[in-house]
Each structure stands twice: as structure tokens, then as C-alpha cells.
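So, here's a batch of structures to check.
One chain, chain A, appears in both complexes that follow, with chain B as partner in the first and chain C in the second.
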Partner chain A sequence: MIYNTGIIFSWISFSLLIFLFFNKKNLYTEILVRVNLFIQVFLFCLLEVGLFLNDFSLSYVANYSAESTPPLYKFASLWGSLDGSILLWNLCLSLFMYFYLKLYKDPSSNIDIKIFTLIMIFFVGYTVFSSSPFAGCIELATIGCSASTILPFAELVTSNIGRGPNPLLQNHPLMAIHPPMLYIGYVGMTMPFVAATSRLYSRKDKSNSWIEVAEKTTYIPWLFLTIGITLGAAWSYEVLGWGGYWAWDPVENVSFIPWLLATAFLHSAKIQKTQNTLLNWNYILVGLMFLSTLFGTFITRSGVLISVHAFSNGNIGTYLLFGMLLFGLIFIGIGSKNIEYFSKSKKIDNWFGKSGFFVFNNIFLFSSALVIFIGTIFPLIYETLYSRQITVGRAYYDILVGPLLLILLGLMIFSVKLSIRNLNIQKWFNENVILINIALIVTIFTLFLLNNSYILIITASFSFLLIFTTVSNFYKSFRLTKGSNSYWTGQIAHLGIGIFALGIILNVSQSFSTEIELNSFQEFNFNNDTYFVYNTIEESLPEKNVLKLPISNSNQTKYTSLNIFKNSAQQAISSPAVFRSIINDIYITVKFINEDSYKLIVRNNYGVLIMWIGLLITSLSFFPRLRKNEV
Partner chain B sequence: MKKNFIIVLLGIGLIIYASTIIASRNTIYYYTTSETENIEITTNERIKLGGFVVEDSVSQEDGFTVFTITDGNKDIEIVFDGFIPELFQENMGVILDGVLDNDIFFADDMLVKHDNEYVSSDGETYDVKSYSK
Partner chain C sequence: MKSKFITFLLIVIIISMPFISPSSESRLETWSKILLCPVCQGETIYDSPSEYADDMKSILKEQIDNGLTDSEINAFWVERYGERIITNPINNNIEILIVPLSVVLIFISIFIRKLYVKK
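Let's turn to the complex of A and B:
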């Protein structure tokens, strides 16, 4: 029932989009976009119903959900694997299409909706022709389903029991929120692409209107990408028990590349709006932003690279490469039609004025993105040339990306008060002498308490100065409502990044760990506190067995737990016990359990909470944009 | 306009060149267990070794975790001293980081695949079950 309805409605959605694309008279555009949105919402709900009713005749439900799966994770199973996540992707895309139509549509032409439709045809086409989350099961595996059909009205077989979602995805609620945030970020990058290409294609208005729309529509996906990446890092830290949050893994990298490009664009778009310069560069950035999200999905889903995020899959890789080629060509075609317009781009006058600083910002952000891109695809190229599999070591990123981000941190300090004219460094020093001194004193004071390195000294002083200048600026000018809304958005984001940088440098330079062997009901000392280990407790829940080891210090008791999931892939996962404080976390994981003796890994992780607070502040940067008096 | 274009291209070229050089100095080779037979590795060269954990092979000896991994053709004994990721299980695909010495691999870092399917370089998917003995 769900199987037939799902497949038929996927087809209806596909035909409707084809009609919308070839619809010459542009009749009913709004109605069709609405109907399309309605169908996508319907399909989303339909699969959710399938998941909640345990309809194991659907191959997707049989393979990625189980009767015993708790409701939250049943709901999240929809995006737990490739086919379902494309459904969520389509839902986001149709939401954005509707949103775009309502708020940003070019009144003089329909081409923007057509480009949007083309992108949507591409993704809906995948669910119609290649693999659908509504595929019916025609052959059973021991658990779950081994063969399925995407044609309607086939004879289906139903298994009694589902395989359940990947255990990792049902260990922490963060995993239910993190992927949709990233999807919204990824899919949202379609909007600036559509804005730029369509408005330059129709060329009805030769103004800079495309940059305004592109800038506004970039901020939303940028925000969601920020949140998505943060949640992913937090999840990795909270669940995986390795004590880290970022590993320069290919899948992490490809979510960071669009973020860096979008950040660059949000800055350079400002310069184009006020000084009509960098026209061609901005167009290229918008294109790369969109293509980098397709590239990201390609790396994530094609399994061409060795990654912790090993989502093995079928033919989506080639399909996405084809998409990158197609949309890349459209992008280049429309760009080359506008060579004349781009050549009107004004030159940068003052390299140490506002525009110059924004260009530097773009150079370093773009370079970081390029370096990460090369690091990510390097193993692919190497394998093609020498037929040997390799990975690029962490040192690569430390050597190259670290300094670039440090320079960006330094540049942000000047962002508080930039004028069109060149910066007078003498004057700047005089104006900020108090803050500079305070920052230096705080840095020196901090260094007395910590292990030193010159990277720490530079980063800490930059961070402190950035935080102080930004905060004092807030104090002085925010009440006077000086500056535009987007200026304050930037200032809040910078403040967050400053705090984040402080957290990360503390974490990188100060953290340490040790291994401790002991038996039940024994205690150990670590970092001026005593920890007491009890005996393991076993708990049985419908979907899993949990083995908990309580550990307590003078204030509280925490558990490191080992979760063994029933009737699913034979994986066990455990969560660390984390004793949190603002400066450092004591992070305890079990290395192994032997009868009632344990080997524990105890880490002292500095700055983690400071990092999360910084990123939270950056995510709150949207508040000024809600103010009505747009300047 | 043209001058700027050339400067930008040169800049990008420089970054690509520098990145490639640094990346090639930081490569870590990745082998399957069978591949270790045909290669020459200098002692103490760090490599990555991938394979499936053989069932009933995991034990604890002197604080080390000892187990065997296989790619279906060749088994290699692993002596592991490091943090066992929470996903570590028999029959699972793992990638280990360490040094190979006389057919024993001393590893201190481990990466466990999220999925229970192993995709080889030729894109073929191996079911873990068919490899367990």
C-alpha cells in the first residue's frame, strides 16, 4: 500500500516537475510549486508512517528500522541511509523553491524557477529511476531485505523483523538533528546559485540585484551549515569516545569546504554591494559553493575514499558526477555570456582599506578551502596514478590550514571599524592601546598557568584582542544602533569565532591523557580529584542491552556505558563519562573490561565547552538580521 | 583585468603546488593483508592495514589486545596498544595504523568502519559473514 502510493507519487512529482520546466506560458507556476511542495511533504510523511507502522514490505524500513527502535530514532531513520536521505533532500529543495518563489523571485522572468526545477528534476529523478526509499522487498535476507524493486504493483515479501538503524545513529539524540541541519545547509546553497545564474541569464536588469539576492539566500544555508558541523563535532565528542571532535576525515572536510566558500562570499558580496567590485569573483564563488555541495555529497555517498563515515552505496557517485558536470556547464555558459558585465567590475583602490581587507579575507578563506579540497582528493589522484591506496596524514592540515586560519583570526581584529580609506596603523594602535594592553596582560597571565608554545601565545593574544575589541565595540555602539544589521551579524559571528579559537588552542595545547588499571570499588586520583569506580550494572531495554560502569567524583556520578544492540549489525558502542567544567572536561572511557577489573582511559580535555559556547554565539549571529530597520 | 586574472591563476597554481608537495610528504600507505606479501616496507615505516577481525581471535595479553585480521586470503596477527574504538567487534572491518615486523603488525591506532559491509577498491561489496570462519 505505502509502497505503491510512494512510487506512484514519486512519479507524479517527477512528471509535474518536467511539466513545470517545459511550461512555456508560465501559467500556474505558483500553484505547481505549491503542489510539488505538498507532494514532497506527503512522501516524507508517507515514509514516516511506513517506519512507524513497521511496514517491512518496504525494503528501506526492513533494512534500517526495527520494531524495537525507539520512536525518536524511528523518526530519524528516514534520513539514516542514502535513499531516505534523498527524500529529505527533495523535501528541503521543494521548501526552498517555494520560499524562493515567495521572497526572491525575479518579477521579470521565470528562468529562476526553471533552473530550480531542473535541479529538482535531477534529484527526484534519482528516486524514480535509480533507487527509491519506497522500493518494495522481493527477496528476504536473514534479517531485513536483500533485493527490491522500484516498479509499482510487484508481488512483495514481508520480513517479520527489521534490521534496525545503524547502532551509532541511535545512541545519542544529536544524531537525529545533525544530518538534517547539514542537509538544509547543503540544499540551501542551491538558492544563491539559482539567483546568480538566472538573474544574469535573463539580463533584464543590469543592476547588481543578483548579488543582493545571492547574499541574502547564502546566509540561511551558512547558518545551518555552522550548526550542522558543530553538532557533528559535538556528537563525535560525546558518543565516539575517542576524546576528539574533528579528524580531517574526508566527509568532515567536504562539509567544511562549502562553509569556507560561503563565508568568503558573505564578505565579498558586501564589497560588491557598496563598491561595485569583485563581480566576476563573486559569480565564481557562488558557482563553487553549489558545486562543492554536490561534490560533498559525492564524496560522502560514493565511498570512493577511505573514511570513518563509510556509507557504502551503489551508483549515486556517477549520477552526482554527471550532475556536477551538467550544472557546471550551465554555470560556465551563463558566466561567459556576461563577460562584458563582469569587465565593468571596478578595481580595488585601497588595499589597506575596507575593500582590501575583504579581499585578504577572501584570499585566505578560499586558500583554506582549496588546500582542504586538495588534501581530500589527493588519495584519489594518487591511487589513479600509482594504484596504491593512501591517506593524507593529519600533519598536512596542521601545517597548511592552521596558519591560514590564524591569519584570518588576526584580520578579524580589524573588522570592528574599517573605513573605505587605508588603515592608519599608528592611529589604530593609539585608539586601541588600552585593549591591546589588556589583551597582552591577560595572555601573559594565562600563560603562567599553562604549558607554553609560540602558537599558543599568538593565538591566545589574537583571540583575546578580538574578543575585547568586539565586546567593547558592542558596549559603545550597539545601543546607538550604529551600523547595519549585517554589520552586527558579522560582529557577533566574529566574537563567537574568537571564543572558539581560544577554546580550540587550549584544547590542542593543554589536553593530556593517561591509562589507569583498577578493579571494582577502587579509587584513583586524577587532576586533583578522586574518582571512585563501582561495579558494572546491566540493563535490558527492548532495543538494546546496556552495560554501565558508574564512576563518581566528590560531586557527581557519571556512567560510561556499553550499548549492545539486539537483532542489528553486531556492533557495540559505548559512551564516555564526562565530568564537565568550563575550563576542562574529565573524559573517561573503558579500554577493556576483564571480569571485574578495568582499564580506563582518562583524558583531561581543555577548552571543549569554550569551543561549543563560541560556536553557539556564532550561530546566534542571525539575531540582528531579525531587526526591521534594514539600513 | 588580464593582469589580475594571471595573478589569481599564479596564486592558485602556487597553492596547488605547495599543497601537493606537502601532501605527498604526509602520505600514509594503506594495504590489505594480502598486499603485504608483495610489497617492500622498510622496518619502522608506518602503514595502514585494513581487514576484517577474525572471529574468536581477540584476546588480552599483557595489557595488549591481540587479534587476527583477514581480507579473505591472508591472515595477519595484530598486537594492538591503543584505544579500542567502541565499535570494535569480531567480523568488523578495521583499518589499523602501525608498523609491520615479521608478519606481526604492531598497531596503536584503529579506525572502525561504521557499516558492516566492506567495500573494496574495485567497488565490490563483501559481506562480512562470508569471510568469517
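Let's turn to the complex of A and C:
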């Protein structure tokens, strides 16, 4: 029932989009976009119904959900694997299409909706022709389903039990929020792409209207991408039990690349609006932002790389490569049509004035994206050339990306007050000498007893100076409502990044860990505190067995646990007990349990809470944009 | 003037700090952050809680206690698991630094050249 309805409605949505694309008279555009949105919402709900009713005749439900899966994770199973996540992708895309039509549509032509429709045809086409989340099961595996059909009205077989979602995906509620946030961020990058290509395609006036729409529509996905990446890092820290939050894993990298590009674009768009420079560069950035999201999906979904995140393969890899080629050609075609317009781009007069600083910002952000991109695909290239596998790990990124990000941190300090004319460093120093001194004193006090290195000292003093200049600027000018809304958006984001940088450098340079072996009802000392270990508690939930080990210090009791998932061949997942404080977290995971003796990994992680606070502030940067006149 | 002097003084103090309390990382720590745990998904043996990583760590500890040089340790692990085991490929493949650096330099030079205006 759900199988037939789902597949038929996917087809209806597909044909409706085809009609919308070839519809010459532009009649009913709004109605069709609305109907399309409605169908996508319906399909989303339909698969949710299938998941909640345990309809195991659907191959997707049989393979990625189980009767015992708790409701929240059943709900989240929809984006727990490839086919379902494309459904969520389509839903976001149709939402953005409606949103774009309502708020940003170019009144003089219909080409923007056509490009949007084309992109949507591409993704809906995948669910129609290649693999659908509504595919019916025609051959059973021992558990779940091994073969399926995407044609309607086939004879289906129903599995008795489902395989259940990947254990990692049902261990923490954050898993229900992190992926949709990233999807909204990823899919939202379609809007600036559509805005730029369509407006430049049909450009009759010589105005810069495309950059305004592209900038406004970039901010929303940028914000969601920030939140999504933050939640992913938090999830990794809370669930995976390795004490870290960012591993330079390929999939993390490909979510970071669009973020860096979008950040670069948000800055350079400002310069184009006021000084009419960087026209061609902005166009390139918008295109790369969109293509990098396709590339990101390609890396995640095609199975070309080994990663915690990579799942499923099928033929989506080739499909996405084809998409990148198609949209890349459209992008280049429309770009070359506007060569004359781009050549009117002004050059930079003052390299140390406002525009110069924004250019430096773009150089370093883009270089970071470039270096991360090369690091991500390097193992692939190397394997093709020499048929040997290599791993590009933390050291590469520390050496190449670290300095670039540090320079960016330094540049942000000047962002508080930039004039068009060149910066007079003498004058700047005189104006800020008190803040500089305070920042240096605070750095010395903070770092005096820590393990020091120059990277730590430079980063910490830059962060403190950035935090102090931004905060004092808030104190001085916010009440006078000086500066535009987007200026304050930037300032809040910079403040957050400053705090974040402080947290991350403390974390990277100061954290340490140790292994402790002990028995039940014993205590151990760590970092000037005494921890007492009780006996394990066994808990049997429908989907997993949990071995909980209570640990308490002088104030509170926390549990570290080993989660052993039924229906899963994966090894047990160790969830940490985290004793939090603003400066450091004591992060305890159990390594193994033997009768009643335990081996614990105890980590002292500095600055984690500071990092989250910083990223939270960055995410709150949308507040000034809510003020009058600006969306 | 006075405040400038203070700034100068503070910078001197800050520069001398790494000598007062230098950062210390044992060789075991450094190496366990380099070696990939082959049965885990992209984790180093420093991060991984698996028993496999544990065994690798104890072999590593033995090697360091016996005073093996970095290149000997490197050769030992690469021979057994292939180059993939070393997450810091910089020592073995210098092109991994040259390629991105040259790409970035080319990008920056083109970018600046396009925007530069002679006065």
C-alpha cells in the first residue's frame, strides 16, 4: 500500500516538475510549486508512517529500522541511509523552492524557477529511476531485505524483523537533529546558485541585484551549516567515546569546504555591493559553493572513501558526477555569456583598507578550502597513480590549514573598524593599546602554568584581543545603533569564533589522558579530584544491552556505559561519563570489563565547553538580521 | 609612551614563556597519534579504545623502550600494514605538501594579479 502510493507519487512529482520545466507560458507556476511541495511533504510523512507501522515489505524499512527501535530513532531512520536521505533532500529542496518563489523571485523572468526545477528534477529523478526509499522487497535476507524493486504493483515479500538502524545512529538524540540541519545547509546552497545564474542569464539592467539576492540567500544555509557542523562535533564528543570532536575525516571535510566558501562569499559580497569589485570572483564562489555540496554528497554516498559517515554505494556516485558536470556546464555557460559584465569589475586601490582586508579574508578562506579539498582527494589520486593506499591525517591539516586559520583569526581583530582608506598601523596601535595590554596580561595569566608553545601563545593572544576589541565595540557603539545589521551579524560571529579559537587551542595543546585499571568499589585520583567506581548495572532494552558503570566524584555521579546492540555485528560502543566544568572536562570511558575489574580511559579535556559557547554565539549571529528592513 | 613600554615588556614575557614551561609530549604519545588503528574507522591508536589498538600500543611501547629510531619504527609498521597505517604522510610523501602549497600559491598569485592596479 505504502509502496505503491510512494512510488506513484514520486512519479507524479517527477512529471509535474518536467511539466514545470517545459511550461512556456508560465501559467500556474506558483500553484505547481505549491503542489510539488505538498507532494514532497506527503512522501516524507508516508515513509514516516511506513517506519512507525513497521511495514517491512518496504526494503528501506526492513533494512534500516526494527520493531524494537525507539520512536525518536524510528523517526530519524528516515535519513539514516542513502535513499531516505534523498527524500529529505527533496523535501528541503522543494521548501526552498517555495521560499525562493515567495521572497526572491526575479519579477522580470521565470528562468530562476526553471533552473531550480532542473536541479529538483535531478534529485527526484534519482528516487524515480535509480533507487527509491519506497522500493518494495522482493527477496529476503536472513535479516532485512536483499533485493528490491522500484516498479509499482510487484508481488512483495515481507520480512518478519527489521535490521534496525546503524547502532551509532541510535545512541544519542543529537542524531535526530544533526543531519537535517546539515541537509538544510547543503540544500540551501542551491538558492544563491539559482539567484546568480538566473539573474545573470536574463540580465537586462546593469544592476548588482544578483549579488544582493545571493548574499541574502547564502546567510540562511550558512547558519544551518554552522549549527549542523557544531551538532555533529558535539555528537561525536558525547557518543563516540574517543574524547574528540573533529577528526579531519573526509566527510567532515566536505561539510567544512562549503562552509569556508560560503563564509568567503558572505564577505566578498559585501565588497561588491559597496565598491563594485570582485564581480567574477563572487560568481565563481557561488558556483563552487553549490558544486561543493554535490561533491560532498558524492564523497559521502558513493563509497569511494573509508569514513565513519560513508554509507551505501549503489550507482549514486556516477549519478552525482553527472550532476556536477551538468550544473558545472550551465554555470560556466552563463558565466561566459557575461564576460563583458565581469570585466567591469573594479580593481583594488587600497590593499590595507576595507576592500584589501576583505580580499585577504577571501584568499585565506579559499586557500583553506583548497588545501582541505586536496587533502581529502589526495588518497584517491595516490591510489589511482601508485595503487597504494595512504592516509592523510591530522599532521597534514595542522601544518597547512592551521596557519591559514590563525591568519584569519588575526585579520578578524581589525574587522571592528575598517575604513576605505589604508590602515595606519601606528594610529591603530595607539587607539587600541589598552586592549592590547589587557589581552597580553590575560594571556600570560592564563597560560603561565600550562605547557607552552608559540602556536598556543599566538592563538591565545589573538583570541583574547579579538574578544576584547569586539566586546568593547559592543559596549561603545551598540546602544548608539551605529553600523548596519549585517555589520553586527559579523561582529557577533567574530566574537563567537574568537571564543571558539581560544577553546580549541586550549583543548589541542593541554588535554591529556591516562589509563587506569581497578576493581569495583575502588577509588582513583585524577587531576586533584577523587573518583569512586561502583559496580556495573546491567540493563536490557529492546534494541540493546547496556552495561552501566556509575562513577562519582565529590559532587555528582555519572555513568559510563558499554552499549551492545542486538542485530548488529559492530563492536560495542562505549559512551563516556563527562564531568563538566568551564575550563576542563573529565571524560571517562570504559575500555573493557572483566568480571568486576575495569580498564578505564580517563581524559582531561580542556576548553570543550568554551568551544561550544563560542559556536553557540556564532550561531546566534542571525539576531541583528531580524531587525527592521533586512531579512 | 608608558603604555607602549608596558606592551613591549609584556611581549618579552610572553616570548620567554615557552622556555619557562615547555610543552612535553612523550615519544609514545607522538607515535600513537601517528599510527592508524587498522580495524577502526579512521581513528589513530591514541584515540581508539579497541583492544587491537591496545596491542599495537604495547608493541610500540616496547620499541620505544628499546630505543628504536623513528625511521626504524616507521619501517616496521609500514612493512606490516602498508603506508596507510601512517596518518602523518609528510615524512614519506613530500608531494603531499608540495602539491597543495603550489596550488595555493598559484591561486593567490593569479588572484592578486587580477586585482592589482598600478599607480
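Basically, the second predicted complex is superposed on the first by the 623 of 631 C-alpha atoms of A that agree within 3 Å, B and C clash if a C-alpha of one lies under 4 Å from a C-alpha of the other, contacts with A are read in each partner's own complex, and residues count from 1 in each chain.
We take it that a residue touches a chain if its C-beta (ideal position, glycine included) is under 8 Å from a C-beta of that chain, and two chains touch if they have at least 3 such contacts.
None of these values were measured; they are calculated from a predicted model.
Engineer: Which term applies to chain B and chain C once both are placed on chain A by superposition, clash or fit?
Structural biologist: Here the two partners, once superposed via chain A, clash with each other.
Engineer: According to the stated criteria, A:T391 is in contact with first (chain B), second (chain C), both, or neither; which is it?
Structural biologist: Both chain B and chain C are touched by A:T391.
Engineer: Between chain B (first) and chain C (second), which, if any, makes contact with A:V442: first, second, both or neither?
Structural biologist: Touch partners of A:V442: none, neither chain B nor chain C.
Engineer: Touch check for A:S343: first (chain B), second (chain C), both, or neither?
Structural biologist: first
Engineer: State whether A:T277 touches chain B only (first), chain C only (second), both chains, or neither.
Structural biologist: second
Engineer: Between chain B and chain C, whom does A:S509 touch in the aligned arrangement: first, second, both, or neither?
Structural biologist: Touch partner of A:S509: chain C, not chain B.
Engineer: Applying the document's definition of touch, where does A:I330 land relative to chain B and chain C: first, second, both, or neither?
Structural biologist: A:I330 contacts neither chain B nor chain C.
Engineer: Is A:S453 touching anything from chain B or chain C once the two structures are fitted on A? First, second, both or neither.
Structural biologist: Once the two structures are laid over each other on A, A:S453 reaches chain C alone.
Engineer: Report the partner of chain A that touches more of its residues: chain B or chain C.
Structural biologist: Chain A has more residues touched by C than by the other partner.
Engineer: A:S367 contacts which: chain B (first), chain C (second), both, neither?
Structural biologist: After superposition on chain A, A:S367 lies in contact with both partners, chain B and chain C.
Engineer: For A:S461, select first, second, both or neither according to whether it touches chain B, chain C, the two together, or no partner.
Structural biologist: In the superposition, A:S461 contacts chain C only.
Engineer: Once the two structures are superposed, pull the chain A residues common to the chain B and chain C interfaces.
Structural biologist: 241-242, 306, 308, 363, 367, 370-371, 374-375, 378, 382, 388-396, 399-400, 571, 574, 589, 591-592, 601
Engineer: Given the complex with chain A, which residues does chain C contribute to the contact?
Structural biologist: 3-4, 6-7, 10-11, 13-14, 17-18, 20-24, 33-34, 36, 41-44, 47-51, 54, 82-90, 92-93, 96-97, 99-101, 103-104, 107-108, 111-112, 114-117
Engineer: Please output the residues of chain A touching chain B within their complex, sorted ascending.
Structural biologist: 166-168, 240-242, 303, 306, 308-312, 343, 345, 363, 367, 370-371, 374-375, 378, 382-383, 388-396, 399-400, 517, 562, 569-575, 589, 591-592, 594, 599, 601
Engineer: Enumerate the contact residues on chain B facing chain A in the complex.
Structural biologist: It is residues 1, 11-12, 15-16, 18-20, 22-24, 26-31, 48, 50, 60, 63, 65, 83-87, 89-93, 95, 111-119, 121, 123, 125 of chain B that touch chain A.
Engineer: Mind listing the chain A positions that touch chain C in their complex?
Structural biologist: Against chain C, the touching part of chain A is residues 241-244, 247, 249, 277-278, 281, 306-308, 347-349, 359, 362-363, 366-367, 370-371, 374-375, 378, 382, 388-396, 399-400, 433-434, 436-437, 440-441, 443-444, 447-454, 456-457, 461, 509, 571, 574, 589, 591-592, 601.
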